[in-house]
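In the two assemblies presented below, subunit A is common to both, partnered first by subunit B and then by subunit C.
Entry: the complex of A and B
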């Protein structure tokens, strides 16, 4: 494998990422499944980097799940996105930062549609005006939240308390990066590093001391695919996609999987539990399953945040094996305790514990 | 006084034009941007359909330009072309100002840079090579993987950079199919136990004896032809190239582990030609090659009186067609010079 070839490709996809003053739009599902991720992102940008980030409570779902399930028509989703741009305009912001990869794909698809079919932009302006009386501007800069963590990866590395290095052997951890399909496969120019050899997550891993695994099914869907899981009868497709990926990465003995899409994190995490229950297969080394983390969670671990404040206990595959490899000190007793010290119920059948 | 003609580009077409014009009593200046003449043919091993050694063609062309009326300047790029009254002035990268009564542009083609098809991993995966790289291996008598082993399963991807809207080339490069067939046969001749798979969209065998070669590849050399476009290539832990393709004849996706993958790079208008097109205001067509005044009876004539085209700077061509096109350019040049003096 020649890394120079990858670097040449990365140099052709130099995405501009705004330096400050972000209008932040959350994901629908990340807040439920990985509640520490968005929390960390806001805290890190505001408190550590002293950046200006605005969240507007009137922001809604982008309706992407409905759109991909053929429930929400394109004209409707364009108007919903236009409303978010109107909220941004009213707040005086020009740089939008999107937490969800599905939403990011929707925003890019709509921007490109408006660029190539200006009549659709005018129609959307009219729909929004008639529905809400609002006006909107197109964003000056649009980024996914993983783009921002990538942009500030070296600042994180400078402040790192723990690196992606096995503290016992001194060797880099083997890390699989899985970039959500809607991040750049639709429009490669919107992704850091393009679509075929994206560098948005790989750049973080290398900056923090880890080794990126390139395996045969790296580009394959995680199994989330809306039509595969929204229709119950199709869920076998979803599971078989995930099996294909994990079978492919297993020989490389990954220490963890890093993702930037809510669906990917959820499915690669939870289907490992399902596969283990179905046929006893585990994909990690030493009979363990492979922890699947978001980039915010990983950045938080590198910076020395408490793993339980980052919400790692809410994953199906528990992260203790990874924490031990990184040499992170944690208190198991705090895992299911609230901040004011109350004990929460402890889930049964956790894996990797 | 003899007529002066400047020929820009010292590949097959340019050498043929220069030689033929010299025979017809013209003083010729042949400008070649690289260190030696011969163009792409110099990098090729065998030529289809008869597997003639390319050095025979090079020898023929070199003999042709060994003429007292031809001045050859290598390592010489053209900066611009200006018309001044009845003659042209060509300014070169090394500061020359050359005068001529007519100009023949024979800047040829560039091979499509295979790394632009990112999904195939050229320049990233060790054993993904281009058709030009394979010719070098033939010449060096060394078909080997990066680790020195002999490959046993080899794939050939047709239409890399041709008939591909994604890279902006909608045209067929015309010669990649027959090149793949020729190279597949050569591989099996050298490695008899090798399995060779050609992944194609359509097999386009539009030349004398091409179809026969295609049949020979299947019947005598057991080359497998799979109709389908390769969607992606990756590398597994044993350095096998995991190649995904749709077999459109069986209607099924196919995943195959290969030792080596050869990309049949298409032909594109040369960058040096594009530069000349801009500086001399020469028309280019939708495929970016030089646009002749008429496709049927004016394929050597440019939109500028006195500037002519020869060879693959106008469209993909094989050696036979290139030499014929070059000779036709010579006739147009002589007609033009005669008309001027009358």
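Entry: the complex of A and C
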């Protein structure tokens, strides 16, 4: 079969991802809820792949959650992002890597705005100068953190200690991937596979031996909806959208959900707890809930990292059913210990325990 | 009556979001908000496109413009390259600027968002930080969240965290001089003005509703009202 045409078309859905020298910006939500993911990312890139990644402690929130909840004006967020570019310029870096899909969406929106409305770029330069005295350049390359794990997925597969295969049956694990709306729905060209064939997570799953589940509501929003979650009165919106997704994926018996976006990870984990509390519904097999992991947590498991150094114990839905399927040897006694090995209290009423 | 249509056209997101709508309704078909709320983005775009300022004023005072979740799924699917969510975002900005947002139950919630996420930005340098997410306001976070807050230093230290300390890592303290840069950015770019506008109109509305209002914090009747009230029928 001739595949040249297909390869050419697929090349249009790929993005260029820089190979080294990254300026790293953290996520407000991930550093609070999944701090092990960000730590793995930095350790993996710096220690395992010997890449140069700079974290400047003077970077701040991008203000994206405030912007999408409409309490931060567009001019303000453009200038906050411009300040991050200024820090990058001052440190001599040109490639930015962003640890949050909401931020990533905002960065893409702003770059495109500056292209389509050059006067907005000039206005932002003036605002930043007046507010901070700083100057900035546009980035040469912009990646989401998952883009880098995708880029190095085959290197991870080569070093894999565990695969996404049920070690008892030998069959690939069924995995739901959720890329998050703001990764590529706004400006598809910035995402691997664009909006139509987002492959950033699917590529990892396949490289590590798993099977990607295609289900009707695969591209539906997780239900965050910014103000629809932040304000208590609106949370029915958020919860209902999550129910819609889980109802749709349930018949395909997922062994886990792999997420791209900080908010999606949190909601798909925490709403499963809420739904179980509300009406007893669980979405996994054997009366269990479905573990929801970030791409760094999954990459770490594949590479044989200690699950408790990845932070899996701080999800609401515990991951032991997945660890057992993958045949991962783990030490239950190490689960709630401090960095220096001191025993901590054990939390109660967790899911899947 | 103001020329609201011209005001909207000043917003670059409006220019980008509304080219020419042919009313096909694909945006409504894809919209998570339309599924949950009594909401139809197609109708919003149709109404705004008409340029009828009387109807736009109604929209600016309505519940409708606050139903969108800004997932931006409509951006991908519109066959004419419009983005209804960007139109909604510019309507919201104008509604706040003109003080119309307090006319609706959903619009009044902007006060609660300003007092939480909005103020976190200038207070901590983060929109969200663990210590600013209270279990009382977030029961859905479950028992693990209370556990993490009770054992904060031990939990984050294992992942390289320096909670509220200077340096790199998760939940590091944002230095005062950096927060000052954020404050300066807010002042120069209109962020502070928007905060002040939300505050002044909310104070006025609290008086009108006979609810206690405090100049700071979330322990006041008005905050509690706007954060929890669901008195109108918003869903189908």
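Please note the rule applied: the second predicted complex is superposed on the first by the 342 of 353 C-alpha atoms of A that agree within 3 Å, B and C clash if a C-alpha of one lies under 4 Å from a C-alpha of the other, contacts with A are read in each partner's own complex, and residues count from 1 in each chain.
Methods note: contacts are C-beta pairs under 8 Å (C-beta built on N, C-alpha and C of every residue); 3 or more make two chains touch, one makes a residue touch a chain.
No experiment lies behind these values; they were computed from the predicted model shown.
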| item | value |
| --- | --- |
| First (subunit B), second (subunit C), both or neither touched by A:306 | neither |
| Partner chain in contact with A:2 - subunit B first, subunit C second, else both or neither | first |
| Which superposed partner A:185 touches (first subunit B, second subunit C, both, neither) | second |
| Which superposed partner A:76 touches (first subunit B, second subunit C, both, neither) | second |
| Touching partner for A:273 - first (subunit B), second (subunit C), both, neither | second |
| Which of subunit B and subunit C A:281 touches, first, second, both or neither | neither |
| Subunit B versus subunit C as contact partner of A:141, first or second or both or neither | neither |
| Residue contacts with subunit A in the superposition, subunit B compared against subunit C | C |
| Which of subunit B and subunit C A:215 touches, first, second, both or neither | first |
| Contacts on subunit A seen with subunit B and repeated with subunit C across the two complexes | 195, 219 |
| Partner subunit A, residues of subunit B touching it in the complex | 115, 118-119, 121-126, 232, 234-237, 242 |
| Residues of subunit A that touch subunit C when the two form their complex | 26, 28-33, 35-36, 38-39, 42, 55, 57-58, 60-61, 63-66, 68-76, 78-80, 83, 105, 113, 116-117, 120, 127-128, 130-132, 181-182, 185-186, 188, 195, 219-221, 223-228, 230-237, 239-241, 244, 270-271, 273-274, 308-309, 311, 314-316, 337-339, 342, 344-345, 347-350 |
| Contacting residues of subunit A [partner subunit B, same complex] | 1-2, 4-6, 8-9, 194-197, 214-219, 248, 251-252 |
| Complex contacts: residues of subunit C adjacent to subunit A | 11-13, 15-16, 32-33, 35-37, 66, 69-73, 75-76, 89, 92-93, 96, 106, 109-110, 112-114, 116-118, 121, 125-130, 133, 137, 140-144, 147-148, 151, 154-161, 166-168, 170-172, 174-175, 178-179, 181-182, 184-191, 194-195, 198, 226-230, 235 |
